[in-house]
Structures are given as structure tokens and as C-alpha cells.
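Here's the structure we're looking at; comments come further down.
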Amino acid sequence: MLIAQIKVLLKESVLDPQGQAVEKALGTLGYNNIEKVRVGKYLEIMLAENNREAANKQVREMCERLLINAVIEDYTFTLVEV
Amino acid sequence: MRPEDWRSLGLKDEEYQMITEILGREPNYVELSMYSVMWSEHCSYKNSKEVLRTFPTKGDRVLQGPGENAGIIDIGDGLAVCFKIESHNHPSAIEPYQGAATGVGGIIRDIFTMGARPIASLNSLRLGTLDDPQVRYIFKGVVSGIAGYGNAIGVPTVGGEVYFDSSYQGNPLVNAMCVGLLEVEKIKLGRATGKGNLVILAGARTGRDGIHGVTFASEELSEAAEEKSPEVQAGDPFTEKLLLEACLELINNDDIVGIQDLGGAGLTCATSEMASRGGTGMEIELDLVPCREEGMAAYEIMISESQERMLLVVTPEKEKKVHDTFKRWGLISTTIGHVTDDGILRIRQGGKVVAEVPARSLAEDAPVYCPAYQEPTYLKTSAALDLQTLPDVQDANQVLLKLVSSPNIASKEWIWQQYDYMARTSTVVAPGADAAVLRIRGTKKAIALSTDCNSRYVFLDPYNGGKIAVAEAARNVVCSGGETLAITNCLNFGSPEKPEIFWQFRETVRGMSEACSAFNTPVTGGNVSFYNETDGEAIYPTPVVGMVGLLEDVERHCTSAFKAAGDVVVLLGDTFDELGGSEYLALIHDKVQGQPPAIDLEKEKALHKTVLAAIKQGLINSAHDLSEGGLAVALAECCFTNEIGAEIFLSKQGLRLDSLLFGETQSRVLVSVAADKLNLLLELAAQNLVPAYEIGQTGGAKLQITVDGSLQINLPVLELKKAWREAIPCALK
Amino acid sequence: MKFGVVVFPGSNGDIDAYHFIKDVLAQPVDHIWHQEESVAGYDCLILPGGSSYGDYLRCGAIARFSPVMKAVKDFALRGGLVVGIGNGFQILVEAGLLPGALYRNANLQFRCRFTYLKVENYHTPFTVAIEHGRLLKIPIAHGEGNYYVDEDTLQRLKAKGQIIFRYADEQGEITAAANPDGSVFNIAGVCNENKNVLGMMPHPERAGEIILGSDDGKMIFDSLFKHWEGSRL
Amino acid sequence: MLIAQIKVLLKESVLDPQGQAVEKALGTLGYNNIEKVRVGKYLEIMLAENNREAANKQVREMCERLLINAVIEDYTFTLVEV
């Protein structure tokens, strides 16, 4: 069994209003060392699959077909054994 | 069983005794859990039942009064309106978004359970003051939770109310109301009848939601419970939308015998209530219940409060069709048992009977208490307000600006612009008016909806405050052109075990009942929420009234906005020196004191009659009731929508200036009328013995109020409007 | 002109679109269940507003895999008229039938209110009957209508006349304050290069009767009728 | 400079309707080895801070004060140098 941990963020070129809002809120709370905040999505997908290569390929495919929108989002993922 | 066992489940020793008498033996843990949730105040109304019985509940139009999942009233044309309000206060305090969202989801289920299509939602909110970051967090979360659920499911949120007061600082109130429409013939009841009929559970899987809540902090369990922190219910509007469509389809096709949603006390409540109402019993096989987590114990499955589930009773012939329908809507449905005729609710798991109790004893036989009551001591001091010691207004402009920027009076647009109030394309009068108006497609009719409660009045005088809550809701409906039909209500109070609180409760209900009788608006249902306290300090008693009214002709609806320059402004109703409990007194003088304004129900009725007739006859161009902030604020509000000013001339006639401008005397409505119809209006008022005062004219870009020759208020409408519109958004920045 | 309103699980604007076409426009209309594999017999398809699949993951992301979407795609590629409203627009974008992407409103809140739309291109099946210079008063109701395209695509959309509606103020000025959701270039509606597929966040079906505040939404459909009559001559 | 990469998921016992919907959708797309999907939030916070220990403490505090609601969410994070 493998878990794909997928991190999705808006592309750098796309305005991230949530990130900005959190950045501002943290500032208000007195944290003054915050350089930048980005807010995105995190998915964990548990796969009945032991072959890392196959899993790699499948996760990439699932991301591109459904999980992310390539017009605005970038993603990275890691596979963790369970 | 040891005393700790039942006590930790919230059962009293005598209640445990009653259970052993009912069963003729000691209950096991599953049974004890079932009794503890069904006999909790929330499900059994054991402390409030006796008092609630005093509400008037009958009327020509009442098709379903209290006792079912929601009330139903006849609106003619073979159609009926189904409605109910419910609280979700404590969940919203812990997780504002999910708490409010599941509150909306729960009340929507109560409506479609009856066979009605939900057509509108309203919400009544009470929060602490906005200078507290925690309050802002709760406020934002609650509003987006209501929006998140209601918008996704496609039920427009068309109105509501919100007040900010420190009495709610640690204990916010979130009351959600839903209104549905149905054909009179299609009413469905939550009844399990017919021995051998099947019991089907449909919708979401059952998880451990809401189990380790307040009633379930049992001592032995607490170690385990700490590891599994208390479980919050999360809402799934998508599943609910599918469930709604599937259930309405089944009801429309007459495929089911009975149906009930699963809410508080989950499966225990739905099975025992349905069996009890049907005079039957049920056998349920827990191994068949689809669970979200593995290894759920019997008591967990029986009392789980997982959302988006429905229980149906169907004949064996329809079983397949029912399952097929759910499947087509992408939902799981499972036959989990059958109806019996022995009146026993029998629960099996792993081949063994794990609970076996009379269904009726759970649903109906909870003990009924008549808690002690005693007039609160605070009333002795709060009533004393010596107007002599209170300086009268110096700068009325400043006071008016301050009042319109008070979050209690300021525009609530920040809230309702987050709600999809236009879904279903029937919203004729959107939020921002006295009452929302929704047309009923296929007829000329419309319904008007409003929720109201000034809890400061109720705090200062529960009896009169209760009356005023009903009267104000009625007045709002009337100002929209609606004839008042019936109410639902949500009674939010502190602990009923405190005599002073219970006194508030009794007095409030007495006042509300009188008003309901006077207006012929029976109570068709509602909800009681006790124990709203933080650190032993109760909230203001808050009996929220949800009023439903009917317009025979949707074209004859009315709004509060001035429509044209040159109209005559007429004030209906007399004004007295009544500043007690007013927003003015709280905001400018920092006092919550005095007697709230008096209310004369006969005068109020005469006013309603006059305003309704004037709207129906097309005499008036606008109507707005006077509430918080009094005459000056009401005038300002009439100016805002179309940015039309007014020039007003008043005379003190022995009143204080602040009473005249900002006092909250009841039974007053401000109307605007074209000059050529003025006489007709005045005649109509005279016929009904309603005092009518011509106080000025609409027009210009300013609101000017001259009192006995001296210009007291002189402000550009735009300046006032800006202050009014920006107050809440600014407070949230 | 025969309309089909596609119903996805979770759709709720389907009821409003259906009512609008049937009762207000007095045209024949059917619901089309998302599992249908054919859309034969329809002259125009409406992808309605409102929360298909609960708007989970991304609005429109899951609905676009519904069986019916293959037929919708074929229909569109053959030049059939398709209008996506709100969630329908999101589905069309996710399905690649329209350029760009729609994401969270810049103000991070759902917005329901009337907007004023400036028509950018009168030479499309959706706008031919609209009086030049006329602003359309049509409401929005969305939380994820923030339209995004990169700069190159924006230039291409402009050059090809694919931008159909832009948010303006009541006077017709394109301002930041009139932009309810942060959309690039105040874009409220776009069409494909071929001009037979329109996606718009505002809801014309909610602006069909004066009693609801506006009947400007009808103008888009009047255009469709005019175009359709013309194309049949 | 450190970047805190924060992964937030709903607690195991809290209903995750998004995860369920994605799980179902992946099934429909033909992936039949999907055991479970969970959908949550991902945040990247760039801190003008080089001391890992201080950053650790700060991130934990920010999570608990603002970024997550401990009643329904769990989080983990890692600090990455930039």
C-alpha cells in the first residue's frame, strides 16, 4: 500500500487571495517575520499498489486528469509506504 | 449499573428508577444510552413541555401543528407551507462554519421529511460585540457556514436578523429556519405503520459524530474519550441535495409509508418516534447499518448524530423501487429492519439482542417536570430608569449617525450578499426589507417571512417582550403586504433549573401566547434551547419568532423604500416617552434599563388592518415599521434604497426630543403616499381608529427633521447611507 | 427552438433555467440527465448553475466527466449552441470547451447581487439582438467566479472577439469596484473561437421577469432566436 | 529564511465529503485501486527566521491560533531552508 501525498498550490503568476488574507491576518496577530503565505490544497490518496513506478505514473495521470487544473495550479507529490 | 453510569449520561436517579420500572429490570448500557438521549431536555422537552402546552396551536389554516417534524399551514389552491426553526447554538460556538452549516442542513431535512420542497431559509443570529476577535471569528464562520450549505443545496436564504450584545459573548445563538411548499394531499408523516413493513436507512454512512458530546462524558469512558476528542458533525450539502431529490421523488410517487430525518439522538430518535407515532414496534439489525468507521459499538450506532440520513418505512412490494431510486441518485440505502406490532424497539447486533425497550417509553414517557420559578431580582433594579437624570439630546445629527452605524441597526448587507437569496427565482423582496416576499409559482400568491426578537425587551420584561417579539414579526410581515398566518419559534434561554430563568421562560411564553391569540397566528412548532450560559451567566432570554404571512396577489407587495419625490410621509401610531431598553439608551447612555415600550395588542391589530388595507388598495408607496432607533432611524432607512431624502416636521407635544426621535414606542408604521391619495389613507386610518400624522414630504438629497421650528437633523442621505452600509464591514476589518 | 437543460448530481439552477425557458420564453425544453449519452434533437444546450458534485475539489471538475459531457462536447464541436451559466461555465472551462479557469473570488466570499454587463462583441449568436451600448442588469451568485487567463491568452481572446461580457458599473464604466470577483479584465462571459459556446458567471435565467428585478436576461435568448432563425433561412 | 510547509487534514473521524467525492470520481475514471482519498489544505509560509527551533515554535503557535481548528483538523509541518 502506498499513500500519495499531493500538494497543490496556485501558480506563482496567479493571484492567491487566500494566501494574502492569511498573511495579513498573521501580521495582525503580531507575527512580523512573515515574508509570504501561499494557500493551496493537500490530498492524500491511499493506493492498493506496491510498485512505486506504477504508482508514480498513476498519480501524475490522476493529477493531470482530475485533481488539479493546470491553467492555474502546480503540484508536487511524494509516495509514502504504509 | 452504578449511579455514576446513569449520572454521567445526564440521567437523574429517579429517572433511572423510572427506566427500571418501565423495563421491569435494569437496563443495559445500550438501553441506558438510548434513554439518556431521548430523555434529554433537547429531545423530550421535559422541562418545557407543560409551558409550551399553553401556546395556541389551532386555527383554520393549520394542517399540522406541533408534534411532527415541522408545522404546516394551508395557503389555498391546494397548497400548503411547511416551516420550522431550530437552534444550533453550541455546535456553532465550537466550530462556527460546520455548526451553522449542519444547523441549516438539519432544518432543511425537517422540511422535506414532511413532503415539502424547501423554498427558503432564514436565520437568526446573536453574537457578542464585534470588538472581540473571537466574536468576529464566530460571526464570519457562522455566516459562511450558512452560505456554504444553503447556497450549495440551492435553497435561497432570504432573510433573518442579527444582534450583537455582550450577553452573547461566550454563547452565540444560531437559529435556522426553513420554509417549504407542498401540495396538501402529499403531506407525509413520520409514522411507522403496518406490521412487516420494512425500515430503510438512506443517505450518509453512520460515523461517531456527536457521540462524545455533553451527554456522553461518562467517567469510565473519559480516558478513551480524551484520546478521541469530541466529534464535531460536518455537513455535506451535496449528499443532502441528492437525498432531498430522492425523498421528494419517492413521496411524490407515493412509494413510502412514513419517513423521518435523523437529527439529534440519531437512529434512536427516528426509530422510537416513528414507531411510537404509528403505535408499532421495530426490529433493527445494526450489522446492516453502513458505518463510516470500523468497530462501532451498538450504543454508538444508536446515538450517532451523523448528518444527511433519513429513515423510511416502506411496504415489501416497494422495497426494490425505493432502493433503485436512491441508487439512481447516487445514494446508499439499506433495509435495516422491519415494523412489528408489539410496540417494542428491538435492536440486534452480532446475532444478539442488544436493546429491547418499549418504543413509546423512549419517545413519549420521559418525565415531565415543572421547574420552580421565581421573579428575578435584577428586575427590581433594571426597571428603575429616571428619565429626569438623563440629559436630552444635544446634537441629534451625531446621535443619528451613531445609531445607524450601530451594528444592531446598520445594514446587514455584509451578511446577506454572501447568501444566494435569488435561487429558485421566486424572491420578490430580497433581504434588506422588513420581511422577505416569495412568489408561489403557478398562483398569484406570495408568502412573506420574517424572524424577530428584541431580547433586551424580553430581558427587561419577559411578558411584554414576548408579546413584542410576536408583534414585531407580524408588523414586518404586514408592512410587506402579507396577512399574518402562523408562527414557529425558537426559545433560547439559560438553565431551566434556575428559578429566575424559568420565570423568564414562563412569562415570555405567556406574552407570546397572548399575542399569537390576538393576531390569530397559531404556533405550529418550534424548538427550545436551554442552558445557554457561560460561567453561570445566562444570555438574554431570546424567543425568536419566525412569522409566515400570505399575500393573495404578489403584485400588491410593499417595501420600505421611498419610491418618488413629492410623496407625503405619514406616521401611523402615537409616540410616547418610551426609552427603556432602547438602542439609543444602550448606545448613547450605555444603559440596558427601564421598562421596554408598552404594547397594546388591540392597537397593534388596528394598525395591521390599516396598513394591509392601504397596501391592498394600492394607496401607499412604501411602509416601514419602527423598531430599533425609532422614528429618525426608520426615516433614514426609507431614504437609503432609492437615495430619496425627506423633509420632516415634528412637534414635541410634551415629549422629550430623544423619545420623539429615537424612542421605540410600539405599533407605529411609517408610510409614504402620493398626495392625491392622502385623504383616502387618512380616512382608512380614522375608520380603524389608528392615529395618523402627516409629518412631511419625500424628496431632495437630505434627510431633514425639524422639531417645533428648529432643524434638529440635517444630513445628506449619502452620508447617512455610507455610515449605515460600512459599519459592519469596518468592524470586521 | 428546442432546449435541453443538463442536470448533474447537485445541480440546482436546472430548475430555474427550465422554468425560464418554458414559462418565460415559452420554448420547448427538457431536462437531460447527466447519464444520457446523446443530446440529439436539441437546438441549444444549457449547462445550469449551482453546485454540481457539491463544488467539491474545484467547481465543475467532477461534473465534466459525466457521461453526457462527451455528447455535449461533440455537439459543441459540430457547432451546436451551448450556454454554460455559473457552474455550467465552470464545467465548460474544466472540460476545455472554453479557455481559462475560474477560481475563488478575490474577496474570498460568495457574492449574490445584480451586476451590470457591458457587451464586448455584438456579432455572436448570444448578442446579435442586443441594442448597442445597452448594459445588461443580470445577477451573479457565486463563490468561485474569478476568471483567469494568462496575458497571451487574454490578448488572443481580445483579438478574436471571444470576450462577450464584462462587469461594469451602472454607468457602463469598467472599474475595479464593479468587478465582483477579481476576474481578469473584468471578464464575466467568454465564448469559444467558433462563437457557438458561451460561458458566463451571471445568471440570465434569474433576470427574466421585472418582478425579480430585471428582464435583461431575455436579450441573450432573443439573440439566440434571431441567430437561429437566420441560420435556418 | 525558512519555509514552513503545512499540511492540514480533517481528523480521521470527521466526515470528509470532498474526499469521498474525489474517491468516487476516481473510481468512475477507472482507477480501481483507490483505497481512500482525503482532501485538506496546504500552506506554505515563508519566514524571515533562521533558527529552526524558534520557527518550529512559531509555526505551531500560528497553526493553533489561526490556521487550523483543532476541533476538526489535524496538521503536520516541515521546515525547509531556502
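By written order: A, B, C and D. Residues from 1 in each chain.
Rule of thumb we're sticking to: a residue touches a chain if its C-beta (ideal position, glycine included) is under 8 Å from a C-beta of that chain, and two chains touch if they have at least 3 such contacts.
Note that this is a predicted model, so its numbers are computed, not measured.
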{"item": "Of C-D and B-C, whichever chain pair has more C-beta contact pairs", "value": "B-C"}
{"item": "Geometric centre distance via CA averages, chain D-chain B, whole Å", "value": "36"}
{"item": "Separation of chain A from chain D, taking each centre as the mean of its C-alpha atoms, in whole Å", "value": "9"}
{"item": "Junction residues of chain B - those touching two or more other chains", "value": "236, 238-239"}
{"item": "Interface hub residues of chain C, defined as touching at least two other chains", "value": "53-54, 56-57, 62, 65"}
{"item": "Overlap residues in chain A, where contacts from two or more other chains coincide", "value": "66-67"}
{"item": "Pairs of chains satisfying the touch condition", "value": "A-C, A-D, B-C, B-D, C-D"}
{"item": "Contacting residues of chain C [partner chain B, same complex]", "value": "9-10, 12-13, 15-16, 19-20, 50-51, 53-56, 109-113, 139, 141, 143, 203, 205-206, 208-209, 211-212"}
{"item": "Residues of chain D touching chain A in the complex", "value": "1, 5, 7-9, 22, 25-26, 29, 31, 33-49, 58, 62, 65-67"}
{"item": "Contact set on chain C toward chain D in their complex", "value": "53-54, 56-57, 62, 65"}
{"item": "Interfacial residue positions of chain B with respect to chain D in the complex", "value": "94-95, 98, 204, 207-209, 228-236, 238-239, 292-293, 306-307"}
{"item": "Residue numbers on chain D that touch chain B, as the complex places them", "value": "10-17, 20-21, 69-72"}
